[in-house]
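Listed after this line are the structures, all set down as structure tokens.
Two complexes come next, and they have one chain in common, subunit A, joined by subunit B in the first and subunit C in the second.
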Partner chain A sequence: MPSSRDEAATRETAAIRIDAPPVQTTPLAGAKLSARDVNVFYGDKQALFDISLDMPERAVTSLIGPSGCGKSTFLRCINRMNDTIAGCRVTGRIDLDGEDVNDKGLDPVLLRARVGMVFQKPNPFPKSIFENVAYGPRIHGISSSKTELEGIVETSLKRAGLWNEVSERLDQPGTGLSGGQQQRLVIARAIAVNPEVILMDEPCSALDPIATAKIEELIDELRTQYCIVIVTHSMAQAARVSQKTAFFHLGKLVEAGPTDEIFTNPRDTRTQDYITGRFG
Partner chain B sequence: MNEHIVKSYEDELNVLTAEVTRMGGLTEAQVADCLKAVVRRDQELAGQVVGHDERLDVLQMDIERKAIRLIALRQPMANDLRKTVAAMKIATNLERVGDLAKNIAKRTLVIIESEPMTPLTRSIERMGKLVLSRMKTVLDAYTRSDLDRALSVWSQDDEVDEHYNSLFRELLTYMMGDPRTITACAHLLFVAKNLERIGDHATNIAEIIHYEITGEEMISAARPRTDAFQV
Partner chain C sequence: MITWAAMAALLIFSACAYVIGRRRLVAAVAAGAQPHSRPGYHGAYLTLWAAVPALLLLLVHIGFSSRIEAALLQAEAPAVVRTMDAQQQRVFFDDAISLSQGQTRSETTYDAAVQAALDAKAAEARRLDQGVRLTVLVLAVVLAAGGFLIALRRLAPDFRARNRVEGWTAALFIACSVVAVLTTAGIVASLAFESWRFFQMVSPIDFLFGTDWDPQIAMRADQYASKGAFGAVPLFVGTFLVMLVAMVVAAPIGLFAAIYLAEYAGGWTRAVVKPLLEVLAGVPTVVYGFFAALTVGPLFRAGFNAIGAQLIGGPLNELGVYLGQVQNQMALVAGAVMGIMLIPFVCSLSDDILNAVPQSLRDGSLAMGATKSETVKKVVLPAALPGVMGALLLAVSRAVGETMIVTMAAGLQARMTLNPLDSVTTVTVQIVTLLTGDQEFDSAKTLSAFGLGLTLFAVTLALNIVALRIVQKYREQYD
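Right, the complex of A and B next:
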């Protein structure tokens, strides 16, 4: 029979341990991309407010939030796509392996080879399937011979899960493929230049569920090699494909954390209201 | 808490929790009745408890069906997901409590064939009342999403265990003193064991409520407890 003092001690431990979160999530690797106090202005209008977010290596980070919350704007900061918009000003730092992407000495074209992007609507070049994938390696001088280029095209299409469907018709126009195939073609095009990061802006919103599943399977495979950042309107998709989730609202980062925690036990009521489909 | 944008989703979640509350009420009544039956040696009431158990089985299946449907069709997230899972788990616990109450009622039918043993019945009644109040408190905690109430049930489980231990000793004394009481005492021992397990289910439900409200699990091992076999 335990003494009453022992019992009191047990009870005390119990009280402490109630508050400790027992669920352990898989630890994420170190940050590949690290944003600190990023502000974005379109003219006088401020679109993003002090965004600080780490995006881990070899993992998928999903950005979620209602339309106009700034998630796509943030994504476009990562490979300096906002440079092309007149009147758009970006402050703060986004480090790619410790190097600021906004560094004046950094060539945005080279940056975009390291940070590939896939858009909502598949945008293959009006060229053959082969040329779509070969274009990047060729202009960046990655391949030295035709055989090597063919090798890159084949590997990239295989990694994008498209090879078996198109190997017999590489000379046919990329635009002739189905929507899902086109999206995998542009992913093959993005990975052909050996990027380190792949940005995806709602890559499945124009696709049917089967094509979506194939892209999601592909994302899951690609994450073993790349840092992937995906903007999605589908909460279920964010839950399925990502390991880290960041919730944006009205230009601010409300909450970021391991995906399973965000979807089972968000800390902020705004996150909770949004992901459960309530009025925010 | 804000309302869902999709009104029918809100309704479905509310129906689910309302049904668990209803099932909770029925379960509580079953426990109260089986206790009354064993204390008052009421054959008719014991029969009723046995007959009413099916209602709990039906409700449990219905709650499970509704929860599965909700998960499939609405993909609940965060607190909604926890609410749905909690409803399903609480219903399972309540169904088990119902079975235990039915078992007490069945044993009552055998016990009343022997001579009454008033002091033992009093002890059973005391223990039963305690268990019943724990059930009541935990179900209140569920209905009102009252974390403190749930925690109070969770941290006081050892009281029931103490009752059980002392009843165990009491029953042994009776059986050793007069072997003719063995049949009734053995059944009463099971009645006590069932009550103790109903107490455990109340504790389980408290843990589920804690998870539903906070999103964090409690660690059962950390709960203060007196081993039932440490007599």
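Right, the complex of A and C next:
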């Protein structure tokens, strides 16, 4: 197996050639998440305009676009994190398995247990590595015994590809890990509660290329089980990890489709300009 | 008076110096010179040299010349005066200086010889004063003119006036901080010196570990109780008890209010409540003091007495009798009111600390499906805990040093008790009682106040250092 450094390098060169052959061609499964006419307002200012987008099950959907185009805002609508921002208003529907997440009867706390989220800056809690991963299972009462909890922590860390690096020091603070390790730790934390969807808000923007390659590898593995939506500034990353890509510009969804099509044959000139680096 | 006039003249002179310095450079620039600094700096440089040395001299004159004059005057005491005792000599010289300044002297009756000597001394004092004044004025003029000329010679267009003025500015800031540090050092030194005198009369071991506090010392040697008892432990116990009650009130209420403000309150509520809290923190403690003495004390007493009346005759008869005798002044009242005083302090500090916890941690927890209170309990509070501990320690240090409330509400009797319904006394209350009224400053009784003060200073200093360390360390974690 080649070292991760080499691998990252080859990935990098492959991705820079935007006209590279598509990574995979399997047809996308049915939509796990489906947004219809989503509008978001911060006070009087409208941030998103009539977004309609399907995000398929067991695949990675990437949201790309220049800064301030509303892709993170859209991501935060899916698990209703925008509720925590004063003055933020959301209209329209976002269905998770046919159920509207904005429904008054739906408890956002339970929704967030089904829709995990990974943030731009790694944010492990100031607790031990073990406690970080055990956080979700504890508050949701998922495990009934200490052994079961330990099992969940171990499985989650293994799936996040962190187990080998931290198994000897689970009792040490999570904040003491490197940036890339912290990001994998919060991914382990997110998958410990067995979510159905994982949202990632520029998960690699604070990481170096090697750590980025590891996270991307991890995303590729996780997509076999989850519906993943990732916001990224790196078009190379979108091309590498995602099966579907949506291009946002000035609060509007310009174009969405299979990643290989978007990158090889964009329909909209704005998309073309953005992915070829003419603006953004 | 003349000195003040001289100062005003100096200020006018230095203002002129500014204009001159400025004009010169402006003129030079008009003539085609390439200046290093802007004209304002040339003016400022000239002003500083003209004003500062002379001003310093005048300030020294105002501060010290009367003492120097007095010392010069007393150096040669007339023969009649030399026969007097020290006390009478002091009065004599004070009178001479008063007369020389045209003020009324003390009502001491002097016989003719002494009166003549007094008049002579008064005349001498007047001459001395005028001489000193004249010398100072001449020196000031020389300094101002000299400084002005020296600076003027240096001022060429390429002179680095900007950097020099920068140096003067830095010197000003350094001087101010030196004053602050020296004052503190002086206070501590005087405290330490007086305490040292006290500890020569009473052994520090007896003071720190003795359990009997009764500082009454007879005014005359033949009076009963000529020896006081200076065991400060009852005072420490009393202080501790009041502080404990205060913290039991202030810590939870202040902290929970801070959690509400930082985590739950909307922008509008915060905008109203935060300033209100700060107003509450600014209420003079004497106001809390009479609130304690006149409102809370009688209220608590009435309450306990009523409960006592109910219990008398029942199975808890003895408790009933005790509660029936509770007085206005008790540790509970002083502590409770002090706790109320500390609430805004604790709340405001904790609020700052909670706000310093990064939003990303809250987001992380909420995104895991935690509720708001779970997030506060399991993520925000643990993250903020060291800082909150620091805030509480600062509050403890304030409670220990607080004076007015306990003076008015706690009592004067030194008692070794941890019963909050008893009247206790604290270190600060004792310092107040020992030093108010007519006191001699060489008896163990008065000096014991300095011993207490030093102990208090040491304790609060240690608490503050530990608390600030904790708060700082916590801040670094996220910066």
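Please note the rule applied: the second predicted complex is superposed on the first by the 253 of 280 C-alpha atoms of A that agree within 3 Å, B and C clash if a C-alpha of one lies under 4 Å from a C-alpha of the other, contacts with A are read in each partner's own complex, and residues count from 1 in each chain.
As a convention for this text, a residue touches a chain if its C-beta (ideal position, glycine included) is under 8 Å from a C-beta of that chain, and two chains touch if they have at least 3 such contacts.
In this text the structure is predicted, and so the values were computed from the model without any measurement.
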item	value
Contacts of A:I275 with subunit B and subunit C, given as first, second, both or neither	first
First, second, both or neither for A:S178, with subunit B first and subunit C second	neither
Subunit B versus subunit C as contact partner of A:S167, first or second or both or neither	neither
Touching partner for A:T91 - first (subunit B), second (subunit C), both, neither	neither
Partner chain(s) touched by A:A236 [first = subunit B, second = subunit C, both, neither]	first
Touching partner for A:S52 - first (subunit B), second (subunit C), both, neither	neither
Subunit B/subunit C common contact set on subunit A	none
Subunit A to subunit C touching residues, read off their complex	79, 81, 84, 86, 109-114, 116-117, 119, 121, 123-127, 135-136, 139-140, 186, 189-190, 193
Subunit A-touching residues of subunit B, taken from the complex the two chains share	1-6, 9, 75-82, 151, 155, 158, 210, 214-219, 222-224, 226, 230
Subunit C residues touching subunit A - in the complex, by the definition given at the top	266-267, 358, 360-371, 374, 378-379, 382-383, 477
Footprint of subunit B on subunit A - complex, ascending	1-2, 7, 10-11, 13-14, 17-23, 235-236, 239, 263-266, 271-273, 275-280
